[in-house]
Amino acid sequence: MRRAPAALLLLAVLAFPLVFDRPFPRHVMIMIFLYGALATAWNILAGYCGQISLGHAVYFGIGAYTSTFLVREAALTPWLGMLVGAALAVVVSQAIGYPVFRLRGHYFAIATIGFGEIVQTAVLNWDLVGGARGLFVPIKRPDSLLNLQFHDSKAVYYYLALGLLALALGATRWIERSRRGYYFRAIKEDQDAAASLGVRVAREKHAAMAASAALTALGGTFWAQYVLFIDPESVFPLSLSILICLVAVMGGVGSLWGPLLGAVVLVPLSEGTRVLLGGTGKALDLLIYGALIMAIAVFQPAGLMGLMRQLRGRRAVAPRRQARPESAA
Amino acid sequence: MSAPLLEVRGLTKRFGGVVANRDVSFSVGPGELVGVIGPNGAGKSTLFDLITGFTRPDAGTVRIDGRDATGLRPDQICRLGLGRTFQKLRPFHEMTALENVMIGAFLNTADVAEARAAASAALASVGLGDRIAVQARGLSTGQRKRLELARALATRPRLLLLDEVTGGVDAGAIPGLVALVRDLHARGIGLIVIEHNMRVIMDIAQRIVALQLGEIIADGPPTEITQDRRVIDAYLGEAWRA
Amino acid sequence: MGCVYALVAAGLSLIFGLMELVNFAHGEFLMLAMYVAFFAWSLAGLDPVVGAPVAAAVLGAVGWLTYHGLIRRVLAAPMLAQIFATFGLAVFLRNGAQFAFGVDFLTVQDPWLAGRLSLGGLFLGLPQVGASVVALGAFLALYLFLSRSETGLALTATAQDRQAASLMGIDTQRMFALGWVIGGACVGVAGALLATFFYIYPDVGGPFALLAYVTVALGGFGNVPGTLAAGIVVGLVEALAGLLIPPAFKYSVVFALYLAVVLWRPQGLFGRF
């Protein structure tokens, strides 16, 4: 992205809530940021490191439930609850990763789905955290940043979501430029060849998983504070995991901006169909998603970013390199 | 005399009903250039896999610098100073030549700029200096062989296991590759080279190990090997009786 | 029930053996089969047992269509694309069914196979027994086909070594398509059988898919006879788990079994990999 238009875009994004003060547009933007962040987090594990997790909602749910539980039982501010949630998500991710990373490809994907289902079922039957009834976040007035609750305006949520997105993007960018980022890409291509070059494959995978899980959990806490009610069906389901994948894949896995691009395209689409189609919208939009996933898989696995690259023609043989001056040959 | 760099004893590996390696024992000293020959299916690549940790042996030991390295993971073996190339080339297709080699260079540094410099140097030393920005999938077979070599070199190995250096390369490119291997040897890097091209092996090897049906049938200098009855029957044919 | 799982899994195993691709939409194929059987009954009065061949035919066609329309194009694509292709199909079919048929649970009323059978103190549902018998029969037919007939042998050959098979003049494309057709047909029969005693709704495919994956893993990916033994094991484990643990966790046990198998013996109990 070139300097001037990028700066303008950033300014526009920052100024958005000042111009649009109706809740719905703000909500759409918040959703774009949230899904963008979740997809970017997923991208670290799946896009860069090549481990396709189809059960990522697990970490979202852990984040949401941990902070909410702590708010209810320990009156702990969600900010700390968020950190606890992220830490817990990391621990769980390592536990899941231990058996699951020995698997490759399709088997790995199936295993992640399975874990997602197990956790959802477990929480569904666990009365301590509300079971099927879910948990309400205790309403606290007046609005405050400490309690992370705002009832009259979505403006603060907007900036928080934006902050989360920035965090996710920043983390991705940092990893991308580090040794770890190179190792991830090598593992994605051929983990055995990477091992022969001294790459500790298991350790790297676990690291990717940890980063991804932590970020996703942060998103979960945000969601809990935004909607003030959570239940297993809303934070753990397979459909959420699918959605996260789809957003990332649609935009382009393995690239920095891809997942955000996917969110920019898909979220308005999904909100739009929900408004237009009302009750039956639920099935129809997932139906369209299914078709979209297939189309992407067949025609352009690199997503929108890949499409853009193709349209731009014979650009650099290896794309999106900002940190490599010698490629300017 | 110090411990040999690599010593394998009694290595045995079975796959189902097939014995790929049976009681294989030999050693390699620092800086030695050993050739491994044998007909297809003799177990040469399996031997490499056993040494570098890609497969666990059913019996036998692998010792590096006198210490037991049997059953270690490939990345651990690499850290002990052994590098390898593969018979079926395995470049990281989507990454450029430079990035490919950087993965090897990263073993010795976490700094991206340093790794880049080391990788450039390695690529230049194998003659690919002008191709560093090309995506690996865009390289020819000969270039890919050099790339894999550079990649393994970047880990600064003390012993390199080369699986088929000249396989699939056209005749004109062979002298270049041979010169490269000689150059590596001159730098003090130990080499174990699997080769089918007898001319090449006779030319460069200080010692040759011959395998047949998973067993070692001869181990000695090239002149001895070419006289060995068993090797001639199994592999060389009469024409090589020098 | 194990026999039914085996039948469902047989198709999955075959497809995987042929082209190293897991069909994530297999559960949805089963769901479709059940709907087909249902409509055959409600519109044409065909009892599911009779409707089974119909379902097999329809699902065979679906399999063929899937292969030609979708799978063929992603055979050479990166694994991510392959996973998403069948996964997307699963999502599409599941929600398509919801869209077209609604979320209501449907049942086939008064099927031929109804009531109970008493075997020395054990009460077995007749539909289940009947289903097992038919499933076994179908499985046997499949086995005979694969091992005796020329086409069947060609199929097995292709699964074992694609290149060698094509060098021998076997048309691999046709074999792949055939694999999908048979896979679909197996699922079709299984679905029709299940329709006699199971509720039919869009999400029904999910748990069965999981059970099928476990069965295939247990029996050895690509090993069709092994799938039968594996199916029975899975069926037993599921039944036992259902008795000992609250039903909600039943699938967790099955899944744990999957993990155990895949980690300790990737070849499965009888596999060749």
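For reference, chains read A, B and C in written order, and residue numbers begin at 1 within each chain.
The rule is short, and it goes like this: a residue touches a chain if its C-beta (ideal position, glycine included) is under 8 Å from a C-beta of that chain, and two chains touch if they have at least 3 such contacts.
The structure presented is a predicted model; accordingly, all values stated were derived computationally and were not measured.
Asker: In terms of C-beta pairs in contact, which two chains are most connected?
Answerer: So the pair of chains linked by the most contacts is A-C.
Asker: Name the chain with the Cα centroid closest to the overall protein Cα centroid.
Answerer: A
Asker: Distance from the CA centroid of chain B to that of chain C, rounded to the nearest Å?
Answerer: Measuring from centre to centre gives 46 Å for this pair.
Asker: Between chain A and chain C, what distance separates the C-alpha centroids? Give it in angstrom.
Answerer: 33
Asker: How big is the gap, in whole Å, between where the Cα atoms of chain A centre and where those of chain B centre?
Answerer: 43
Asker: Would you tell me which residues of chain A are touching chain C in their complex?
Answerer: Chain A residues touching chain C: 46, 50, 52, 54, 99-100, 102-103, 105-107, 109-111, 113-115, 117-118, 121-122, 124-125, 242, 245, 249, 253, 280, 282-284, 286-287, 289-298, 301.
Asker: Along chain C, where are the residues that touch chain A in the complex?
Answerer: On the chain C side, the touching residues are 21-22, 24, 70, 73-74, 77-85, 87-96, 98-99, 210, 213, 217, 246, 248-249, 251-252, 255, 258-259, 262-263.
Asker: Which bits of chain A are touching chain B when the two form their complex?
Answerer: Within the complex, chain A contacts chain B at residues 177-179, 182-183, 185-186, 189-190, 192-201, 317-318, 323-324, 326-327, 329.
Asker: So in the complex, which bits of chain B are touching chain A?
Answerer: So the residues of chain B in touch with chain A come to 52, 54, 73-75, 78-79, 83-84, 86, 90-96, 98-99, 102-104, 106-107, 110-112, 115-116, 120, 132-135, 138, 151-152, 154-155.
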